[in-house]
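Two complexes follow with chain A in common, the first pairing it with chain B and the second with chain C.
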Partner chain A sequence: MDATFASIIAAAAPLVYAAVGEAITERAGIVNLSLDGSILLSAMTGFAVAFTTGRVGLGFAAAAGVSALVALLVAWSGISLRLNQVAVGFVLTLLAAAVASYQGEGFVHQPGPSVTPRPIPVLADIPVVGRALFGQNLSVYGSLLLVAAAGWFLARSRPGLSLRAVGERPEVAHARGINVNRYRYLAALVGGALVGVGGAAFSLDQKLGWSDGHTAGFGWIALAIVIFGGWQPLRVALGCYLFGALQVVALRLQSRIPGLAQILPSIPFPLMIFALLLVNSAGLRRLLARSHRVSRWLLPEAPAALGRNFVP
Partner chain B sequence: MSLLIRNVTKRFGSLVANDNIVLELEPGALHAVLGENGAGKSTLMKLIAGTLQQDAGEIIMNGQAIPPGSPAAALTAGVGMLAQEPLVCLPFSNRENFRLGSAWDLEEATQKLRQQSQKIGFRLHPAAITRSLSVGERQQLEMVRLLARGIRLLILDEPTSGLTGQQRDQLFAALRQLATEGLMVLFVSHKLEEVNELCRTVTVMRRGKVVGETTLPKPEADLVSLMFEQAAPTQARAPIATDGSAAVELSGVDAGYGRQGIAGIDLAVARGEVIGIAGLEGSGQGALLRALSGQIALRKGRLAVSGRDLTNRRLREFRKQGVAFLPGGRLEEGLIPDLSIAEHLELANGTRFLIDWDHARTRSQASIDTFRIKGYPDTSVDALSGGNQQRVLLSLLPPKLALLVMEQPTRGLDVESAAYIWNRLLERRRDGTAIVFASSDLDEILTYSDRVLVVFDGRVIASRPASDLDAEQLGTLIGGVLAA
Partner chain C sequence: MTRRIASFLVPLAVALGITALLLIVAGAPPLEALGLIGEGAFGDTTRIADTLTAWIPLGMAAAGLVVTFRAGLWNIGVEGQIIAGAIAASAVSRSAPGGPAIVIPLLLLAGVLGGALWGWLAGILRVKGRVNEIFGGIGLGFVAQSFATYLVIGPWKRAGVASTSGTEPFREETWLPTIGDTRLSWVGLTLLVIALVGVGFMLGRTRFGLRLRAVGSNPASARLLGVPANATLYWAFLWGGGLAGLAGGLLVAGLQHKLVPAIAGGRGFLAVLVVLLARNRVAFVAPIALFFAAISVGSSQLQLRLDLDSSLGAVIQGVLVLAAVLYAGWQARRVLVKRLAASAEATV
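Moving on to the complex of A and B:
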C-alpha cells in the first residue's frame, strides 16, 4: 500500500508541475495552449542537456528556460501584438513538437542520467504516507511543495490577489493601480518555467530518456485538468493524482486484462464531467449557497478575462 | 483640502466633451452636477478620477495638480470615484475586493473593512462573496474601501440607479455624515429630487459646457429649464389620419423591476397617432416601450394590439401583428456589428434556406437608394455613421406595421438626418401605423408627437395634446411637478 501511494505521487509529479504552472498563467488571464509542445520540447531539452553535461540540475534549468521562452512568445503575441492567444498557442504546440523531434534525434533511446532518490530518514518510515511524502527525490518533493506554495500564493498573498484580479477583471485591476500586463508577462513566464520543469521531470525521472512523442499527449491532459480543477492548485493537483492513480492501477493490471491499460487512464475525464454535472445541479447549488467558502471551492469559475487581451 | 478644476478641456475626435470647465469645491461640499445625457458630466468625473486624461487644464487637490490619466495617482491625491457599475471582481470575497490594490495584509484588511463599514452604518460581511451582494451593497463596499484608503473627495456617478429606496436613504445619510467630517462629495444624477434632497450646490452642464451654478434646494422646474435648451417654437403638424380605433391598448400594466420599472399603466394609442414619451432618464420609459412591443413580460395587466389580446405572448406573435421596436442602443440591440447591410436585410426578411446573394444585393441597393444610406450592400454596419445606422434599421422594418415603438430615434444624429428620418416615419401614419417613442430631446417630442405622455417614477403623470404644451410647461412636468 505504501509503495502504491508513493508511486502515484511520483507518477503524477510531471503532470502536477505542468498543470499548476498553467493554472497560474491562466489565473492571470493568459491561456498558454502550447503546453503539449512545450512539455515535449522541455523533456527533450532537459534530457539532452543532462546527458551532455552529466548534470541533472542543469537539465532542469534548461528545460524551464526553453518552456518559459515559448510561454513568453504566447504572452508577447497576445499582449503586445494583440493576436489571438489560442491561435498562437496552437501553432506553437505544433512547432515546439516538431523542433523537439528534430533536435532530439541524436538522443533517442540513449541511457542517461536521472534524478537521485533522496528519502528523508525517519520521516520516510511513517506508516501509510511516509514513503509517499518523504521517500521520494527532489523532483517529487518539489511538486508537493509547489502545490502548497501556489495555493497559498493565490489565496493569501497580495501579489496573488492582484494576479487573480488581472485575470478576472483587468479594468478593475488597472483602476486600482496594478500593472496588468506586467503581471501577465510574469505569470506566463513563471507558469511556462513550471511546465518546463514538468517536462524535465518526465525525461529525467518518470519516463527516463527520450523518444519521439515521449510525453504522450500529457500537455493536453494537463490543460484539461486545469479546467476540471477549477484553476485552483490543490484541486488541480488532486486531478493529477487521480490520473496518476489510474495509470498505476492500469500498469499493474495490464498483464491480467489486456486493453484495460488503454482505457483506464482516460476514465478521469468522464468521471470529472459527471462530478461537474452533479456539483452544478440546482439542488446542490442551493445547499452550497449557505457556505461561501465551500461553494467557492466546489463551484469554481473560469477567470472571466481568460484569453482576452487588455489595452490600458 | 479643496478641489479646483481649472479650464479643463477634453475632446473625442471632433466632439468637445468638456469645454473649458471651471469648478471649485470647499471641504465638506455636497455638490451636484446636472445635465442631460451627453452633456459631459461623466467625462468630467472620469477626468477627475484619472480614468480619462484631459487635453488641457488642471485638476488641483489642495494646491497640488494631480498627474492626469492615472487612477492610482488620483487615489493617492485623495480622489475616489464610485462608478455607475461598481468596479469589483464578483468571484472575490468582500475583503479581497477591499484589499485589492492596497498594501494591507488580509487580517488588516478584514479589520479595516469591519471598522469602516460600522462607522457609516453599512453591514458588509468580510468573508461573503461579492457576487452574492446586491448592486447597492457592492457600492457600499466600494465606498467603504475608498474611505479606508483615505480619500477626501468622493465622486458618485449615478449611484442610485440600481438601489432600492431604503438603500438610497442609507447612502444619503452616510454621505451627509461624511460631509460634516470634511469629505467633499461630487454627485452626478439625472434625478432632480435626489439632487435637491442631498446636495447644497449644483453645477449644470449642457453640451460640454458649464451653463449655470446655483445653490440648492431649488424648484425642479428651474433646474429643468437650466438643463434643457430653450425649445424652438413648434411647427404646425398634419392632423391625425385616424379612424379612432385603437392600435394598442395597455390596461393596468406593471412591468420591469425596481426604479426602472413601470406600474399601473393604462394607455390606448389610436391608429395613426404619434405619442411622445418625455421624462427624466430612468423614469420607466425603457420598460414602457419594451412592454408595449412585447420585449419584456408584463407582471400585471393586459395588452392588446389591434383588438387582439397579446398579453405575454411570444415576440413572434407581436411581429405577426405588425409591432416593431427600434431600440436606443443601435449597435448593441438593433444591429449586428460585423454584418453587412445586405446580410441584415436577408436576416430580417429572408425565408429561403439558400441565400441568393445577387438578389439580396440588388434588393439592398434598392433600400439604400430609398433610404439614402451612405454605404454599399457589402458595407458592414459598424462602419456607418449613427445616422446611417438608424436608416438601415428603418429600412429593415416590414412595410406594413400596426405599431412602431422607438427609443431615442434620432439621438446623436445631425439635424438633416433627424428630419429625414421623421419624414419617413410620419409617412407610415397614412397606413394607420401608430408610433410611440421616447426621447430626451423636448423639441423632438413637441414637434413630432400628437400627444405627449410624461413619465415619472414609473408612472404616467400627464397626458396632453402636444399642441397645448410648450417646452417650459413640459419641463415643469418632467420634474415631477403637476402644473394643474
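Moving on to the complex of A and C:
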C-alpha cells in the first residue's frame, strides 16, 4: 500500500508541475493553450541537454527556459499585438511539437541520465505516508512543495491577491494602481517555466528518455485538469493525483485487460466534461444557491477576464 | 493590394529564412533541401498524384472548418470528427454487401454521418452544457481515438493477431477507383471540388451564410435581430463535422483500405493551420491546403536523400502560420496607431 501511494505521487509529479503552472497563468487572465507542444518540446530539450552535458539540473533549467519562451510568445502576442491568445497558442502547440520531433531525432531511444532518488532518512519510514512524501527524489519533492507554495501564494499573499484581481477585473486592478500587463507577463513566464519543469520531469524521471510524441496528450490532459480543479492549486493537484492513480492502476491491470494503456488518455476528458456539465447545470446551481460558501467551493468559475486582452 | 500581397510574402520569407537557418545548423545545404521538397511533391506523375491524394482529405476538413470558424467556433475537435467518420465508413466497408457502385456511396455517406454526429456532440456540449468547444472537441477527439484503437485491437482485430497496425484490409469493392496506377482517385478529387465550391457558395450567397457570420461576429445582437443562434451553431457543427467525416471516409476508402488507429494522423490539426493561414476564406483554402499537402509529401524526400528528419515539413508549416498570424497582428496594430495619431491631430 505504501508503495502504491508512493508511485501515484511520483507518477503525477510532471502533470502537477504543468497543471499548477497553467493554473497560475490562467488566474492572471492569460490562456496558454500551447501546453501539449510545450511539454513535448521541454521534455526533449531537458533530455537532450542532460544527455549532452551529463547534468540533470541543467536539463531541467533548459526545459524551463524553452517553455517559458513559448509562454512569453503567447503573452506578447496577446498583450502587445492584441491577437487571439487561443489562436497563437494553438499554432504554437503544433509548432513546438514539430520542433521537438525535428530537433530530438538524434536522441530517440538513447539511454541517458535521470534524477537520483533521495529518500529522507527516518521520515521515509513513517507508515503509510512516509514513502510517498519522503521517499522520493528532488523532482517529486519539488512538485509537492509547489502545490503548497502556489496554494498559499494565490490564496493568502498580497501579490497573489493582485494577480487574481488582474485575471478577474483588470480594469479595477488597473484603477488601483496595479500594472496589469506586467503581472500577466510574469504569470505567463512563471507558469510556462513550470510547464517546462513538468516536461523535464517526464523525460528525466517518470518516462525516461525521448521518442517521437513522448508525452503526447499530457498537455491537453493538464489543461483539462486545470478546469476540473477550478483553477485552485490544491484541487488541481488532486486532479493530477487522481489521474496518477488511474495510470498506476491501469499499468497493473494491463496484463489482464489488453489495450487499457491506449484507452487511458481519454479517461480524464469524459470526467472533465461531466464535471463541467455538473458545474453548469441549472438544477445544481439552484440547489446550492442557498449556501454561497458551499456553492463557491463546489462550483468554481473561470477567471472572469480569461483570454481577454487588456488595453490600459 | 500591396498590403495583401505583403501579408503572405513576408511570413513566407520569414518561414524560409528560419528553415534555412535550421538546415544550416544541421549541416545540410538549404537550397538543395528545399529543392528536394519541391521535387518530392511534384517531381513526377506518381508524386503529383500523391500530393493531390494528400490534398483531398486536408482540403475537405479545412472546408468544413471554414464553416465552423465563420460561426466563431474553435472546432479543434475536427481531428476526432475525421476519426469518427473513418470508423463509420469502416463499419460499412466491413459489413455492407454489393458492388462498388453501392458500397462506396454508402460508406462515404456513413463517413459524413459519423463525423456530423461527432460535431453535433461538441455542439450539444457547447450549447446545452456551456462546455467550451475547444475542450469538448479535444475530449471527444480522445474518445474517438481510443475507440478506434479499441476496435483495431479488439472486436475488429485481424484473425489471430491483435496489433495496432490496423484491421484486415477491406474487400476491394470498397476501394476508391484510382487513375492509372497512381493512388489518386477521381471520386475524391471531384468531391473536394464540390465541397470547396459548395461551402464558398453557401457562405457567400445564402441566408445561412449570413446567419453564420452574424452569430460569429456578434452573437448577442444576432439573437436580438431574430437569428436562431443555437440552431445556427448546431448546423455549423454538423457541416464542419460532416465534411471532416467525409475526409475520414475518403482516407479509409482511398488511402488505407483498412482502419488504423492513427487514421487522422494530425490532418485535422493541420487543417486548422490551413484555415488560419487562409484567414478563413474558402478561395484561399484550396491553394494553401495544396501547398501544405505538397510540403508534407515532399519532406519525406529529406529523410531518404539527406538523412534529415521529415518532421522539418511540419516545422516549416508551423513557422509559416505563426509568422503570418503575428505579422497580421503587427500590421493591424500599426494601422490602429496611425489612425489614433491622426485623430489626435484632428482634435488638436
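Brief remarks follow.
The rule we apply is simple: the second predicted complex is superposed on the first by the 278 of 312 C-alpha atoms of A that agree within 3 Å, B and C clash if a C-alpha of one lies under 4 Å from a C-alpha of the other, contacts with A are read in each partner's own complex, and residues count from 1 in each chain.
Convention: a contact is a pair of C-beta atoms (placed from the backbone, for glycine too) under 8 Å apart; a residue touches a chain by one contact, two chains touch by 3 or more.
Quantities reported herein were computed from a predicted structural model and do not represent experimental measurements.
When the shared chain is aligned, chain B comes close enough to touch A:Gly177, but chain C does not. Within the superposed three-chain model, A:Leu81 lies in touch with chain C and out of touch with chain B [touch as defined at top]. Of the two partner chains placed by the overlay, neither chain B nor chain C lies in contact with A:Arg256. With both structures placed on the common chain, the touch criterion links A:Tyr102 to chain C but leaves chain B unconnected.
More residues of chain A are touched by C (comparison of chain B with chain C). Residue overlap on chain A between the chain B contacts of one complex and the chain C contacts of the other is empty.
Of all residues in chain A, only 33, 77, 80-83, 86-88, 90-92, 94-95, 97-99, 101-102, 105, 212, 217, 220, 223-224, 227, 258-259, 262-263, 265-266, 269-270, 272-273, 276-277, 280-281 touch chain C in the complex they form.
Here chain A touches chain B in the complex through residues 156, 158, 161-162, 164-165, 168-169, 171-178, 289, 292-293, 295-296, 301, 304, going by the rule given at the top. Contacts from chain B toward chain A in the complex involve residues 51, 70-72, 75, 87-93, 96, 99-101, 103, 105-106, 127-129, 132. On chain C, the positions that touch chain A within their shared complex are 22, 74, 76, 125, 129-131, 134-136, 138-140, 142-143, 145-146, 149-150, 153-154, 162, 164, 261, 269-270, 272-273, 276, 309, 311-312, 314-315, 317-319, 321-322, 325-326, 328-330, 332-333.
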